[in-house]
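Going in written order, the chains are labelled A, B, C and D, and every chain counts its residues from 1.
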């Protein structure tokens, strides 16, 4: 089994090196796409095999070699394949494989095709390290690794110029990439602090050692660790207030958005909380967990509200991702770790599908993102239409779809926990989710063919790409059916979450409420946006002037706030500091030099060249000595 | 192998003297060969180095001024070994990177070889006066390199560099002499031998003043805030090779001095001064990182970033535990490699375009992909990405310092944020976006000479990022020995508590 | 009483103690005689003759029995370790100096045999000065040497030289007045002119009312006189002008030999006061030396002429060493000689470099012979010359392992040992200031482009084999100091221990 | 009134001061030489009287030597003075100030 672990881990790495080292400078070749896709596929197969093995024989733990050892610290490259990580591995490799195949089509016209695959496979490798590592430091490697790959991939089209904020809220790919990286680093600091706290109080960073030691630690300490680690999770999973990078990250190629910014990387934060469930389920850190749940619920609503007004097809999806991450955190915070993980997986499938569908639309529309310019595209893009429809149904949480099971479970959990505010928010958000996802679907595929007037000639994606997307569609529909199997599998490792009897009893009504709300949302969207004819839909200019709309459309002015109150002051302060550095710090040094020089200039004035002056100097000196002698003698 | 250290020290100098005779045209080849042999010797030293022995090895001792206790006394331990190897490596690669049309190539090579002698000498000396000798001598070739091959303000920069460091080290000299006197009072003999000094127990008051004296010498060299202003000048004006060696090796002399002198000889004062050092270092880390962000000149960004990173190293030195101290020594190496490489890279683009102003570039990633890749790797190492060399040291330093001060560590930890701010801003301005000037469209990517110089560094960055053990282990051994030494010689109980050789209370 | 003729035997007279001086004086007379016999003999003969005489003198000096109480010639001569040591230094410096007369170009003074005769008389004067603790003899030695020196300066035969000689002479005359008055005061207190008798006499009368007034007054007068000789602030004003006016080698010589002699006498006199626990003297000397090194350094910063810069730097070095007198410890006394022994070669070397580049006409500057511009870009044209001069500058700046560094370290160490750490820090900082102006020359030589006037002809105008030999020797000694400092210290220590410091 | 040692010494002091002030105030080189001679002679008085007071001859000897030295000083000094006068045409101290700074 060890070999399988290494295959799953290193196959993507080999792919990355293959594309990066040998083909970085050569022109586009499909060989790279095929080889890399196959390698990720191999990793997927390895993951599946491992999953079966884990299900049967339990976790696999391998230690490759030691990495850092200094003082008492000893960090190995160790990998743990247990129920949790193997689930993540499956999700990651599966979605990656499909995204890789998809990319061979999507990136077909891009000059930097080979480079793209190098980055993408590197990302998969990092993500695998993240999920497979058996210690916090290893997790951090992956954590940072995915950060860098995300940076590279968001900024993939680095040649694009910076726009103003009004023109493009993301300014430019390279800007968005930097924003993502830096914002994540803010959170990483929290994570590092958590690691330090763990090390100095436990003496190890291995999961098993740490979790075994947790009960012996002081409450305050546990809270600090929990907070610190969660700060790390907030960055990667784009929780408020570190969320702005995620929508801007949509500057990257769409497969990247699908893989990194929807299915895998952004869920790393959730994974961390799930991974550290022995910590977060402790009584001492209950407050933190509740905070996580509340923040999750808040973000779910907050992101959904922004999605209501968004016009950019990718932003809508990104915001929905944000919103769903909120759901996951709500579940994890409430202690329903396995439900969170279940939603994570389900979400990965339908969200990746949604993104890839959106990618098809973009591809067809020559990278046009504004849904106001689309409409009625189902005729030309039937495949994508179906896929996006399925994904949206799943997202909206309609019955039999994957999202129905997972999201419903989360809402039920909130109810069961007695956190009715969270529950209410989540229920309302579910309705909003249905609305905005179908708003997008109807805008894009139904109604007037607005694109024609703009001179677009859309066509659907390559067939094989559409075929390759099929597994996602199937999973988006059917994943929920395996909820019980998953439950059985995963609760070997994660704590089970028992619904109370009452909740169980009320479950059909609760579920019904959600479905009703979702259907209402879809219906409103249908009414508003699906109509045909020139006057079927008109922009409500008046409403667009209202405060609420502006607030939402401007992302609650949070990016503005960051710009005005962090970026600009920082820039200003930097410039000021530089001036201070030159004028004061360096100036002081120079002043010493100048003063020495000046005093030299002054004192050379005594060298008048005139002998009588010299004699006077001597006389004065002698007199001073004599006077000093006299004074000293008189004083004693 | 008995005299390998002397050979290491004096081989470049002798080669430098002989270099006067070498024909102008083959001066570079001569320099490369000598530096390569020196590197091989250094690697040979590593090969025969007993990594399990934390003490001084290959020691040589011969009295010079026996009346006054000055002796030629050299030795190597895990702390100095790798800095020496790095010095040799950086010198070699720096020489390789020299353009063939460098004016006065012969003088350059000769100065570099002399500089190499002084660098190696500083790190191998176990006698305070010999240490001081190499310390001061290193200024002379550097003065010449900056002053003769530098930019328009080179003379100002070179003289500033020389005088500033010189002034600081003269006060350090007073400290060394006072130290010798105290040793004399105690033992009745004169000795400048460090190993002798290590046996001396000083009162806290004596330690206090001696620490300040040493501090003035080392802090200027590091350079610690607010004594850092010579560095941007020196870097701004120095030729590429000068900046590379300055950043990679010469700055390390300061931190090495703290490790070799301040900590073991003055354990109590070191602990007493930790808050002070921490405050200065934090200012270094944050303030200079912000200043770096404000720069327009690419080289100045890296110059200020050096200061910022040296702040992290300083914090690690004063962490008083094996993790932090070992980490800071590792960080010295990694910063040497990374900043050396970054300065080389700036030199490469400067040679092509004649400018270092970032706004002049833009879109270089498209024009010079290999260059951009190498730069990117170094950038990532610089911001401390795991699995690059930069992470290991930074992580260990912050980890170690957490024991001293949680708040301090969080503030110092902002380096991973603001460090990436200025580095990514640099990268974005220079490499991303559209190509801003027509003439930059035709820029050539790295040629073979440049790749020869840079790829080994890339390899090291990755190798030591993934597998730092071969280096970390000897460092760790020596660091632990040093901490034991500190603990044994501390006068105050509080000092003993602050020093953590090994965690006692693992739960 | 010594005037009783019956008691005098040759043994007591110990005429051998006079031998070194007699050799020098006799040699001077021989040179004059030769000139009487045959005129217009080439200077090389005189140079060689002088060197020979100096060597014989050196041999005679080294051959003397010495000890703390080795007296001679009516007990006015005192041949202790100090006397031997300083005479050796004086003679070695003189031997180094004299070959510098053999330049390729003809300079006025060296064509006169009187120059060499006067030179030998001057040496005899210095030798008397250092090998006596009798104030009369010290005075006579001092005046003999000074009067010869004034003349030697004037013989350079330029406007500036006369001006320099007159300035030096006039101030010297004033200083002589102070010295004699100081001696008179001491005589008045103690009734003796022998230092070894003065000390106990003072000690026994210390408690008397009003005594302190006279004591300090006398010390002040003597301090003035020697501060002048040692060019301590504010009595240094003559030094830059005299150095500028004198020929370069003579300036170099003046920055070493008269100072060594004056230091020896200062050691004898002032360390006696300090040993008598008269703290005032110590305080004053420290104040003077701090002022001297600092102000001289600051003034050196702003000089445009290298020779004048070196003059100020010599003043500063003297201030640096003067600290040792105030400390009055054995180590400090060793430090003085170590410092000057090492400084001598480097400084003479630097002045010799100036001499090599001395042009008949002022090519570069209206007033100065050696402006900085003269050395601009020298490394491009005359790399060896530049490197040699650069080495001298680094050595003077106190960069290890060059010679002056060891002296500095030793003196600073002595200062710390005596408990004056703050003073050591001032000394250190002064070295840092000093580094600037030494570096300025290095910068000119190595980092600037040559100007049109800087050519091999103008810069090596005066070069000759003897000059190069002396330069080579100076470089050798400067660079290789690390290898001989140990025996040097050992020798000096032995000599200092065989010295009578009065108490 | 009996003329005692203190009178001699006071005389000597006064003379010395006169000479000293002369050195400081006089601008003519020749006058300057005279002033220094006065100072030396003041010292001679002191030595002679102190020597007499102690009954010790060395004071007198010193005085003799001072006279001798003063004579040779004058010889050298006047020689310089003459050359200087030839070159500058003046003995004013302030004229002789080409070297400064």
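In this section, contacts are C-beta pairs under 8 Å (C-beta built on N, C-alpha and C of every residue); 3 or more make two chains touch, one makes a residue touch a chain.
As the structure is a computational prediction, the values presented were derived from the model and not from experiment.
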> Any chains in contact with both chain A and chain C?
Replying inline: B, D
>> For chain B versus chain D, what separation do you get between their C-alpha means, in angstrom?
In response: 65
>> Roughly how far is chain C from chain D, centre to centre by C-alpha average, rounded to an integer in Å?
In response: 26
>> From the mean C-alpha coordinate of chain B to that of chain C, what's the distance rounded to whole Å?
In response: 44
> From the C-alpha centre of chain A to that of chain B, how far is it in Å?
Replying inline: 36
> Of all residues in chain D, which are in touch with two or more distinct other chains?
Replying inline: 20, 23, 32, 96-101
>> Multi-chain contacts only, two chains or more: what residues does chain B have there?
In response: 163
> Residues of chain C touching 2+ other chains?
Replying inline: 166-167, 170, 174, 240-241, 302-303, 436
>> Under the stated touch criterion, can you name all the chain pairs that qualify?
In response: A-B, A-C, A-D, B-C, C-D
>> Touching residues of chain B toward chain A in the complex: what are they?
In response: 160, 163-164, 225-226, 228-230, 232-233, 287, 290-291, 293-295, 321-323, 326-327, 330, 363, 365-366, 369-370, 373, 380, 383, 385-387, 391-392, 395-396, 398-400, 402-403, 406, 409-410, 413-414, 416-417, 420-421, 424-425, 428, 431-434, 466-469, 472-473, 475-476, 479-480, 500, 502-503, 506-507
>> Looking at the complex, which residues from chain D come into contact with chain A?
In response: 20, 23-24, 26-27, 32, 93-94, 96-101
>> Which stretch or stretches of chain A touch chain C in the complex?
In response: 593, 596-597, 599-601, 603-604, 606-607, 609, 611, 613-615, 617-622, 625-626, 628-630, 632-634, 636
> What residues of chain C sit close enough to touch chain B in their complex?
Replying inline: 379, 394, 397-401, 405-406, 409-410, 412-413, 416-417, 421, 424-425, 428-429, 431-432, 435-436, 439-440, 442-443, 446-448, 482-483, 485-486, 489-490, 493
> For chain C, which residues count as touching chain D in their complex?
Replying inline: 1, 3, 135-136, 139-140, 143, 147, 150-151, 154, 159-160, 162-167, 169-170, 173-174, 176-177, 180-181, 183-184, 187-188, 191-193, 240-241, 244-245, 302-303, 308, 367
